[in-house]
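Chain naming follows the written order as A, B, C and D, and within any one chain the residues start at number 1.
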Amino acid sequence: MNRLRSLDPTVVVYLALVAALAIGALLVSTVGRNFFSAGNVRDILTGMSVLGLVAIGQTLVVLCSSLDLSVPVVISLSSLLAATTMAGDPARIVPAVLLTLAVAAAIGMFNGLVVTKLRVNGFIATLGTGLIVKGYLDTQYKGTAGTVPWEFQLLGATGLGPVPVSTILMLALATLVWFVLARTRVGHQMFAVGGDPVVARLSGLHVARPVIVAHVVCSLTAAGAGLLLASRLGVGSPTVGSQGGYDLLSIAAVVLGGTLLLGGRGSVWGTIGGVAIFAVLDNVMSVMQVNPFLKDIVRGVVIVAAVAVYTRRTLHAHRPRFGVGGPTDDGPVLGPADGAPATGQLPPAEEVAR
Amino acid sequence: MRRSAREVALDLVSPQRAVFLLLVVLLVAIVVVNPSFAEPGQLMRFLQRVAPVAIVAMGQFFVIVSGEFDLSMGSLVTAQVVGAGVLVGQDGSRTVPVLALMLAFGTLVGLVNGLATTFLRVPSFIVTLGMMLALLGAVMFWTGGAATGNPADEFRQIGRGGWREVPVLDFVPYAVVILVVLLVLALWYTHRPAGKLHVAVGDNVATAHHAGVRVWWVKTRAFVISSLSATVAGVLLVGYAGVHPSVGRGYEFTAITAVVLGGVVLGGGRGWIVGALAGAVVLEALFVLLNYAGVPSTVRSSVQGVIIIAAVAYSALDFRRRRSGPATTSPAGGDAAPAPGRGGDTSTTSPAHSGA
Amino acid sequence: MTTAPVLTARGLTKSFFGVRVLDEVSIEVRPGEVHGLVGENGAGKSTLMKILAGVYQPDDGEIHLAGEQVAFAHPIDAMHAGVATVFQEFNLLPDRTVAQNVFLGREPRRRGVVDVREMARRTQHVLDELGVTSVRPRDRVGSLSVAQQQVVEIAKALSHDAKVISMDEPTAALAAHEVELLYRIVRSLAERGVGVLYVSHRLKEVFDLCDTITVLKDGRLVSSGPADELGPDELVRRMVGRSIDTYFPGPLEGTERGTELLRVTGGGNAWVDGIDLSLRAGEITAVAGLQGSGRTELAEAIFGIRPFTRGSVEVGGRRVRVTSPRHAARLGIALITEDRKATGLSLAQSILDNVLLVIRGVFPRRTAHVRREADALMARLELSTDRLDREVQLLSGGNQQKVVLGKWLATRPRVVILDEPTRGIDVGAKVAVYDVIRSLAREGVAICMISSELPELLGIADRVLVMRDGRLVAELAPSATEEEVLRHAAGAEVSA
Amino acid sequence: MRRRTKVAAVTGAAALLVLTACTTDPTVTPPSESSPAATSEPAPEPEDSDEPGGEAPANEWFDQAMFDTQYAQRSVTPEGPADQPYLQHIDAEFVDTSQFASEGAKKVCFANASISNPWRQTGWITMNQQLKVLQEAGVISEMETRDAQDNDDTQIADIDYFIAEGGCDVFIISPNSTAAMTPAVERACETGKPVIVFDRGVQTDCPVTFIHPIGGFAWGIDTAEFLIEHLEPGSKVVALRILPGVDVLEQRWAAAEKLFAEAGIEAEDHFTGADPVKIKSIISDALARGEVHGIWMDAGDGAVAALEAFEDAGVDYPVITGEDELSFLRKWKETGVTALGPVYSNFQWRTPLLAVQKIFAGEEIPSEWVLPQAPITVDELDDYLARNEGMPDGHYAKFGGEDLPGYPEVWQERVMP
């Protein structure tokens, strides 16, 4: 446990992923299949693409200590806007994509403004936005609509060897967002605002700005997922977003990837790791032909168990002065002293100690 | 409490009481659209319908006010509904033992949620999300898709029946009586020392811990209460509507929305259980109004979304005013030597508390 | 020193909830000058600094920077104008690296992209200037010691290229050699023409470093003038004023030192060591020590927050292991913590709910009884009781502290530990707190009081224990002088 | 603000980059890709119009040709063994399958949309029992199933997985949605292996056979005509629908709505999510406003709750159309309400496996295998109730598995792998 403690959270995520891969390969081999065959790898990677795109954006929102529950409807709306605008005409691909992204950005902007300016909790704000857009979808679209031209369908159907283009795009976007987080001011500000808004303000940041940007980017990546789905489906669909349960799953993947639900700490690569764990899990269970209901049980247990492993090693200790620590090595002894940890979300140790 | 009518009126339109104002507006609108709604019998039937949602919202209230989330309520309702169908079957004499078993199961789910949140330190959002998936999967796996039928009428009477031909009220459903009893119980509990601790823990965990409060137990209790409320709601729904695997779907979000509409702050530490109850009634009244007004069913969710955002933004107005104190841009707001540390008023500048 | 002031503030006034914490204070800082700002806790130093940093906006008065009038609506305005601030509380993100913290919001960019290498280089440069080798730009701040974090905090301000840097107790958490480093830094800043506003409690530092000294007391300006015109005695007199005697009428006469209620023998854990402590009924024991000396950790060890892992504890003659605050409360121990807002109060709750918190959590059966007594209890604390349903966050600091006291008095404790009970509260409230402490002692409660305010400690205590580096290093009589206490607290190097 | 636009621009640029990368890269297209022509010429489908209009919602799904076809098919006497409705067919055009004729047990790959509702669960149980029979007969070696859990994207991946890794001899696909699954089904066809589609269709005729009951319009016609027959013009009907946007469900309503309008029946529709709580609330509200004479449902589960709303309000039962779901049939029997039990033949879950048998035997089979879809009338009610004695409420009367091994325990216990 102590060695685990010193590791970077992202490393732990990938250790978990390696473990999942190993167990998965073993299980899959028991039914006479090759886990690392091209088709299986493609299945896993395809499973990662859409959720990965959504989770990348969700990572930013969670980092800023908000949530986005409106991603499913943004995905559906994007697939419909894209497919109906393209209407089978390759020449309209570019305007369709631009329109889709613009609409998604507007929804994200709305979310961000409601959260920062009206001070509505992100959970409720995006739940409300989701309902509003859902009403529009139900009213405007009676089922699948539009046609995606062949050229655009290639996006979802093409692969470089076993690696689908969609996965490459998803990873490219992850790299881009990683870059934004690591190498742009707004990225740094997201960590600051999510970590401690007071410190952020005292350091001269405008705390609303990164939150709004995060929501916009999240809607944009959801739109990306919608475009990808439109490409794979060949049509737009008003239910494709809610079918995947992408709202809660993406949040689960983000947290599974080691990002703190309260914000301020996390990484895109951790999220990708979390998404990969889900994809491997799903792939193995599908190959094993596990009963679909049983799959849900396994997913539920894995989410909680994995996050439990991470959180056991999070809070850092108030530096001890004297070597012999005994139980106090466990950091701020706020809870376990009477046999019970106080809570899942203590203020960081530094605060408690001071 | 000697207050002028003007004060009362001001209080009603104050952001904190927004939900009651909204409720009055909705009820008046319903009566305007359909005057027969105001008849006692109709009102009672309306309350019978509200009861399960209201009870779930009251359970969720304790979790949210303690600073946590319970996303597993909907799945638990489904599990209990389906479980009741299977376990009671056509044998009415099993009503009491099955009720006991359901309550025990509810308690167990609450304990698991609570202990995983406090001991494993997994955010409750994630714990209860996992529970939501696992519970639903488990009950479907167990029953092979929950295709069993409605339980015996004795069991269903709890949620469906009532005293008929009561003077003035015409019809008094058992569900309404249960709702009232639970409300009284909940009000009593919130005024008990143990009940008050939920708010204290939700407001400031560290302070509560330093004051000797068993934080883990307070939070676990909240989860047990919410699971039990989902269980009771399940019992009522079996009676009201019957057994079907889609009963309970989305109840967790409805409950959270109701609680937040009722002026309870996500993240904990502030709220009144009657507000949560009112929030639930508002949601159901909105449903009724849209039904009566013949609003196309497809645009209803949009109307709901707008009202939710508007109502919560309105009550946030008040929260902001109270939190920021006299110094309009002061992050700490009220002390000669305020520490701009996290223990203070982070929510003033915090763009969003995800809470969990 | 005839240059025009780089920073001039005139008539700054600020009130919180009707309490005037800063009253028409004016100050001038010249380029190349180290300007000491001294005063007791609550004198208004921190408020003044926060106004200059743009955290608070003054109710009245004006600020001129390099001759131009400025108004800081947001900390960023102050930073852009060239005023950098090292706050007393760390403003650091524990999950981010040193470099990321130092350049937060001002990351150096090349073609729009944050230049990580440049950021690290410049951070290293600042650290080099500070002569610090134990901190590297890529270290995660959360993994650093308190002293190292203080270095980061200073580096953050230094990196600004500011015209004025104000520092609030920058040495509080630093070890001796680190203090020397800081001296060097401050001097080199001054040589470069930066105006430094230096807040410290350590008078030796003030005289070592400062060219000019401004004294504040109770929110008012007492004096401002060259340092060499002041001697330590005169400075202390100005800081403390004559009214001190009326606050502290000396140790109580006539109270019997009663039985031993709490005894720690050889107590220690990761933060304190070798603690031998005995608290007796009716006795007020003071614990003095610099910030970071382990005072708070000692209180937390006794109270079970960070339990002792070595040694033994007896309460009322029975050997116990106090492992949680709950356990401590059951044993009749109370702790009024240092940070009211973080660990003392439920800010959104009413006065009554706060007062009843421990009772409800630990002694629920007594709730109704205590509730009936709440009026009397708060009256004893001189808190007006007609609004027990008022939210605590709307109260002044002094009244908030009374609520915290009330919360613990409601449990009828036998041992009361108070950690900085008068920090940041007004004079009236202070007197009320002292009165309560005395009356508790008279009733046979054992009191252990931790404070940075030496006059307060010496005025009220029956005996004074001094802590340094996690150990109790001296026991002094209340007749000891502040200098004596400081000498023990700060170790050999302080000889003022 | 500048930075945000930059982020947006970069993201947008990335997406564009993506497009160019793909369009310039057709060489990496796996051979299994369908030709552009196949997708740009979808089978005639109602939702081709890309202008989603808010008004006249029924028209969008209404298709006169399909309406007429299905109207006629209702009265056609199906060909085939009368005691085996799952092998009967209506208006069949046969295709030759001799090219697939071969010996030995075959491996079946089944891409299932989901088993998330009682109708699909019942069918899934029946299918597995049919599988056992064919396995014992040496026709099928094994059936590998992937369940998409109601997710289009997952099902596309499932089909692709089967193509690449399944080692399949034959594909059975129960599409999660019609248009979206078309490209993937085409890829399966291109493997040269036989493809069987059932329940919802796809917009291509590449599968060897598409098995389905007559269809949604027939449902709508049967039910609407029944209500019209038993109600006066001007009567009010409440239509309870599960959710918008699913073609097989939308077609049911499209037909019924048209007929109601023509007959002067006032019909209002609601979406219920199949949640009996919502159903009961909606009916209660409707009753609070005035009389309700008829209930129309696009799926039968929840019909009991609808009738109970009338009981609780103390008003007379309406005329109701439900489904062959047992809870409804039992309630029907118990109350004697005027009702019809339309059927979306659950026994169709047997047919795909039997089609596999025929295909590898080289027998000709219908290219569009339209199964009979006869509603249960009051005269047949007792018979069907007796035949399904002991089945749970969520079971479907016309499940058609009485002759399979394990009957009736397997259905009673809801045994599924």
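A few remarks follow.
Just so we're on the same page, a residue touches a chain if its C-beta (ideal position, glycine included) is under 8 Å from a C-beta of that chain, and two chains touch if they have at least 3 such contacts.
Predicted, not measured: the structure shown is a model, and the values here were computed from it.
When the interfaces B-C and A-B are ranked by C-beta pairs in contact, the top one is A-B.
Chain centres computed from CA atoms place C at the largest separation from chain D.
A separation of 43 Å divides the Cα centre of chain B from that of chain C.
Each chain gets one centre point, the mean of its Cα atoms, and the points for chain A and chain B are 28 Å apart. With centres set at the average Cα position, the gap from chain B to chain D is 37 Å. Remark: chain C and chain D have CA centroids separated by 72 Å (rounded to whole angstrom).
In chain A, the residues that touch at least two other chains are 138-139, 184-185, 196, 198, 200-202, 291, 295, 334, 338, 347-348, 351-352, 354. Counting partner chains per residue, chain B shows two or more touched chains at residues 206, 209, 214, 297-298, 331, 340-344. Within chain D, the positions touching two or more other chains are listed as 115, 244, 271, 416. Contact topology of the protein chains: irregular, matching none of line, ring, star or complete. If you check each pair of chains against the touch rule, the ones that pass are A-B, A-C, A-D, B-C, B-D.
Within the complex, the chain B residues that touch chain D are 34, 36-37, 42, 45, 49, 52, 143-150, 160, 237, 240-247, 249, 287-288, 291-292, 294, 297-298.
Contacts from chain A toward chain B in the complex involve residues 62, 64-67, 114-116, 118-125, 127-136, 138-139, 193, 196-198, 200-202, 207-208, 211, 248, 251-252, 255, 261-263, 291, 293-304, 307-308, 311-312, 314, 334-335, 338, 340-348, 351-352, 354. The touching residues of chain D, when paired with chain A in their complex, are 1, 3-4, 7-8, 10-12, 14-16, 18-19, 21-23, 25-26, 28-30, 33, 36, 39-40, 42, 47-52, 54, 57, 60-61, 114-116, 144-147, 149-154, 156-158, 160-161, 163-165, 176-180, 182-183, 243-247, 250, 271, 416-417. Contact residues of chain B toward chain A in the complex are 67-68, 71, 116-127, 129-138, 140-141, 201, 205-206, 209, 214-217, 219, 253, 256-257, 260, 266-267, 296-306, 308-309, 312-313, 316, 319-320, 331, 340-344, 346, 349-356.
Within the complex formed with chain D, the residues of chain A that make contact are 33, 37-40, 42-43, 46-47, 50, 83-84, 87-88, 90, 93-94, 97-98, 101, 105, 138-147, 149-155, 157-160, 165, 169, 172-173, 176, 180, 184-186, 209, 212-213, 216-217, 220-221, 224, 227, 229, 232-235, 237-240, 243-244, 286, 289, 291-292, 295.
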